[in-house]
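Below are two complexes that have chain A in common, paired first with chain B and then with chain C.
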Partner chain A sequence: MTTSTLTAPDAPAEAAAPESRRERRRRERREDLDAAIPVELYGLKRGTVSLLTACCVLFAIFTLVPVAWIIFNSTKTQANIFGTFGFWFARPFEFFHNFRMLFENVDGDGTYITWFGNTALYALLGGGGATALAALAGYGFAMFRFRGSKVLFYIIIGSLLVPIGAITLPLYLVYAKAHLINSIWGMILPSLVSPVGVYLMRTYIRLSVPRELIDAARIDGAGETRIFFKIALPLMVPGLMTVLLLSVVGVWNNYFLPLIIFSDNNKFPLTVGMGLWSQHATTSGDQNLYPLIVMGGLVTITPLIILFLILQRYWRSGMLLGSIAN
Partner chain B sequence: MAAITLSKLTKVYATGVTALDGLDLSVADGEFVVLVGPSGCGKTTALRMVAGLERITSGMVRLGGRMVNDVSPRQRDVAMVFQNYALYPHLSVYQNLGFALENKKVERAERDRRIRAAATVLGLGDMLGRKPGQLSGGQRQRVAMGRAIVREPSVFLMDEPLSNLDAKLRVQMRSEVLRVHRSIGAATLYVTHDQTEAMTMGDRVAVLRAGVLHQYDTPRALYERPANVFVATFIGSPAMNLYEAALSSDGAFRGQPTVVLGSQRLDLPAQVAARVAAYQGRKVIVGVRPEDLVAGLTGGGGTAGGGTGLVADVRLVEVLGSEQHIYFSIDATQAAVAEGGAVAAEAAEAGILVASAPNGVARLDPRVGVRVGERITFWLDPARLHFFDPDTGHAITG
Partner chain C sequence: MSGTAVTAPARVAQARARPRHSAWVRRRDRRGLAFVMPFLVAFTLFMIVPLAYAICESLFNSRIIGGTVFTGLSNYTQILSSGMFWSGVVRVIIFGAIQIPVMLIIAFFFATAFDLGVAKYGRTFRTIFFIPFAVPVVVSALMWGFLFEPVYGPFSHLANLFGFHNTDFLSSSLVLPSIIVIAIWEWTGYNSLILYTALRSVPREIVEAAILDDTPLWKIILKIKLPMVRPAIVMLIFLNTIGALQLFVEPLILNNYSAGVITLNWTPVLYIFNTSINSAQYNLGAAMAVVLGLTIVAISVTSLLFRRDRGGMA
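After this line comes the complex of A and B, so read on.
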């Protein structure tokens, strides 16, 4: 038997007043602190902890050094990029000039801004579409048993094992037949298929959408479509955000696929366009392209960083709070 | 016409496990029927089959006379309360209550009226704006009930709705559930593993074990006339004492029939003897409820004042305040309910420990002074003895 408390059994768990954004942040920070377990309690030795910390620091440096380099060098002229210390600023400060240059048609090959728009479009349609499909397919695999569901799922998982290089040639031939060469759909359609996304969503849904909730909704007279959108989807949001981020990053950074299907410069995404610049810079000598490439690289990664920061808050758990006892 | 009729309802899982074996049961309009049994007895499976959440292997489910075997849950129009409540965590209490009505396309004003009415009945009036995460366990339980009652259902299913509440709140909610049941008057099928809940709440109680219905009757009948040893031990707390015994006719008194219980004899009056006449000279299982044993004087056995004495050694005394449980030992073999539902003698283990281990319990007034190690004589009315066939476990009704 549980111990009885002094409060009435039905005393409200929390004050009803809605908390402000700031209060919520503060509360969440406090909760994080409360949830943290002191290192000593894991039974680890001080030395072990220090060693692990050192490893993490090294890895962080390894990851951040290129980012730092790109930030410093985005402020420099071409001569300074090669002539000054890479990890500090140098005069003249050309950050804004370099940035402005991105919007100009530098060598008649098309502009950065066009490529940026293309990449954004491909990422939005491809990544968003992949997420939507992964949600639907993952839900189907997680919640329904149908003939062949296991085999189908294994095929999807199996497709993870096929490297993109192995299917390039057949893909190109199929595209040629389907008139998808030089079409934006040639870029978007394959991006819609995300086996990892399906797998992640299936796992996430199994763990976070209780079957009882779906049963309850069925008994409440809701149809399957309505159950998906009204009950399951809101609970899938953190998982969806993970899949969205993965697929957007995947499309954003995709180099190989657009390289083989696009020959029209105006349809290039950033990866291929920047590759083109980089080629020009090395082959045709001094065109003052390096500051542009560095600045272009910085601008290319910025949206992903922003996206990550925005989506981060969805990783907090607690969505299911209060739904299921225990 | 019965609101719920189950005929030969059977569930065999793909693994070959038979969860439910030919259940026949009917629930009348407005009746409150409890399905009770130990875990894994098939009671929840039966409930889920009525709701349409579990495919039926064979047999039939009829709701209000309509066969619904192949009707989807959303078209059966049954309301259900889940063991873990299954509230929609991202919706407010108001939206949780209104979800089913929205699905039924009930007009907004009517919906609002019904949600508020249900909230008032359940005392959730000022919680409507909250999310389930901001409610206490008892409040969540009420929202789960509310979600069912706003639909004004004719069939109400409840799957251990109180099992997640603490003991005190559970007792309080028992009467609350009954109050709600009376106010809506729907035929209710209520699943629990708790025999106290079953006894206190059910108009009729169905006792299940290993997928088989053992008895379906009123709580009083289950208690007074258990159909077999399983029901006898399952209903009532502490459980009925069961012993292996023999019926002989060489009683001390004018050839009166007696129960031979170890070294002791209990004389049976004529009307009790008539009940068990067919078992004269044979072995039986004799059962006596702990509350039918009355503390008498210390000393020898014998017969006095219409009762019969049973001498026992007190091994353990548990004082509960309102009553005390006296664990005693007598030199008879205790009978236990075996897996198959029949009876098996408790394996006799050698050693002093077992010799002194209690094999019976009595429930006495706490003011009766009883000390451990004492020899005590319990008086009991032979008419309150229960007799069971040792082979089948069925009650001997004569």
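After this line comes the complex of A and C, so read on.
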């Protein structure tokens, strides 16, 4: 089997030769340059590039203002959060003290670190599971044509129109009957349903898993399960990463569903726990909750931002995100 | 198209009509269903069943005396005739009508600048602009709540410096614009990235030909690039509209900073939340969820028809 001749033109570069990170970065930059038409050809007035770059800087400042604020204020006491200039440090430097407080149950609402663990668990099981189901279903829809496959696919696409706001309350009503209130499965199981994921995986598999390769393996006598895991799955990795990223972020962000199904504070995800803190910070006076909210916010966003920076090449081209739009 | 239930002669006729569909292919294709099955089970249990159940519930009414009674469409008439629900709908429409165009213009501006390479350090800026996408909406509402806070917040200090004394960004007149700013902050990078991808797929030759014809740059952008990415723009308008109609988290969180400004029915989803969870009127809440769902489906279908109507650009 000569894989090289079978590889589709759109197949990811990873399938070819392994390259180091630096090489890849250099290649991507070179491709960026090659694809662009030299700026001089546009016949722009002098200074336009500087002006546009300045616009970018302004918007970057706007984007980073809340992040900067949260970093500066995670080092402050409650009095200093409100009493000192928001965009610089102030004495005393309380970063480590605030961080330690995340491990304690400060006001009886619950402990941040428990919520963090819950969120990670929900995101891992929900997001990972959603990606697995989407990969299987996307492969099924892309590679097979069984009775009703088209109708089923259209129903799944149609369900994209059903708003989260309209599905959450119905879920709650069903949970009340099925004893899933206050159960972590009530949070994880619905997260497994990702119609967008199925759509993206189908699109991606059609582009990057050559049918001929699958058929050749069948002729060689490989079973369908084996073909999926040994041949298709490795080719699907970039698509899988994007779907995983989107579903993990989706679970990490989810607020409405956990808000209504959990009344046990020890099962809260971060979003619900921090929402509760912010509610209590205003109503129950001076409990030093504000430094906790600020520090909690910082610790909540840091892993996600790091995840996005590490997985940059999967979303930066916007390939898969963009295919929603086509 | 495998025929499991057809009789033997029919199957022979079918096989003769389409010789390519051999028994082997059919048997293989049936296995495709096994791949789709796990998703279908989850989809049925957590999407179809709840929706059907909600529609059922919306036709009943529980009373303190007499238990649950079938009341037909009375929940619906109650919602459709009450100003409480519609005032929220009007508010989210105003929100979307301002936020979506402003955001898309900013997003298109930057996407174009990055695509043409007329701004320096495009890669770095693209990454920075995308950061808010990684921030949970609850956390961004909390951060912005601190920034907008009327007494100590840095933005009211800033407004003070410019001569606007005692500006309360979370007062009932300014909270909607404040939420618009938050939503723009959250979503511009994501929209810009999708537009950027769409712009990249415009064939380079077309732009080169236009340059050789001495077409000014603004004309290239507005007359060549913009029409070619129109399908992406229509899709973004559609996705953002669905999102805007479901506005919920930002007002709920901001209410903690300035109590009382956000009323129980401020947005439709807030109203559903308060009606069903806080006041335990589940049947009425279910009916509202159905109305909201149908409104969104109606908007989606209209926009899809509109898109098909205006030529097969996609």
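A few comments on the model shown:
In this section, the second predicted complex is superposed on the first by the 250 of 326 C-alpha atoms of A that agree within 3 Å, B and C clash if a C-alpha of one lies under 4 Å from a C-alpha of the other, contacts with A are read in each partner's own complex, and residues count from 1 in each chain.
Quick note on the criterion: a contact is a pair of C-beta atoms (placed from the backbone, for glycine too) under 8 Å apart; a residue touches a chain by one contact, two chains touch by 3 or more.
Small disclaimer: the values here were computed from a predicted structure and weren't measured.
Contact with neither chain B nor chain C is seen for A:Leu244 once the two complexes are overlaid on the shared chain. Between chain B and chain C, more residues of chain A are touched by C. In the superposed model, A:Leu189 lies in contact with chain C only, and not with chain B.
In the superposition on chain A, contact of A:Ala123 is made with neither chain B nor chain C. In the overlay built on the shared chain, the residue A:Met101 is in contact with neither chain B nor chain C. Of the two partner chains, chain C is the only one that A:Leu152 touches; chain B does not reach it. Of the two partner chains placed by the overlay, only chain C lies in contact with A:Ala60; chain B stays clear of it. Legend: residue contacts after superposition of the two complexes on their common chain; A:Phe82 is shown touching chain C, with no touch to chain B.
In the superposition on chain A, contact of A:Gln279 is made with chain C only, not with chain B.
In the superposed model, A:Leu136 lies in contact with chain C only, and not with chain B. 218, 318-319, 321-322, 324-326 are the residues of chain A that lie in the contact sets of both chain B and chain C, per the superposition on chain A. Within the complex, the chain A residues that touch chain B are 1-2, 4, 9-14, 16, 210, 212-213, 215-223, 226, 230-231, 234-235, 318-326.
Interface of chain B with chain A (complex): residues 51-53, 72-80, 82-90, 99-100, 103-104, 123, 126-127, 129-140, 147, 151, 164, 166-169, 172. The residues of chain A lying in touch with chain C in their complex are 29, 32, 35-37, 39, 41-44, 48-49, 52-53, 55-56, 59-60, 62-67, 69-70, 73, 81-83, 85-87, 133-134, 136-137, 139-141, 143-147, 149, 152, 156, 159, 161-167, 169-174, 189-190, 192-193, 195, 198, 218, 224, 228, 249, 252-253, 255-256, 260, 270-271, 274-275, 278-279, 281-282, 293-294, 297, 300-301, 304-305, 307-309, 312, 315-319, 321-322, 324-326.
Residues of chain C touching chain A in their complex: 1-4, 28-36, 38-40, 42-43, 45-47, 49-51, 53-54, 57, 106, 109-110, 113, 116-123, 125-140, 142-147, 151-154, 185, 188-190, 193-194, 196-198, 200, 204, 207-208, 211, 214, 216-217, 231-232, 235-236, 239, 242, 245-246, 248-249, 252-253, 256-257, 259, 268-269, 272-273, 276-277, 282, 285-286, 289-290, 292-293, 296-297, 300, 314.
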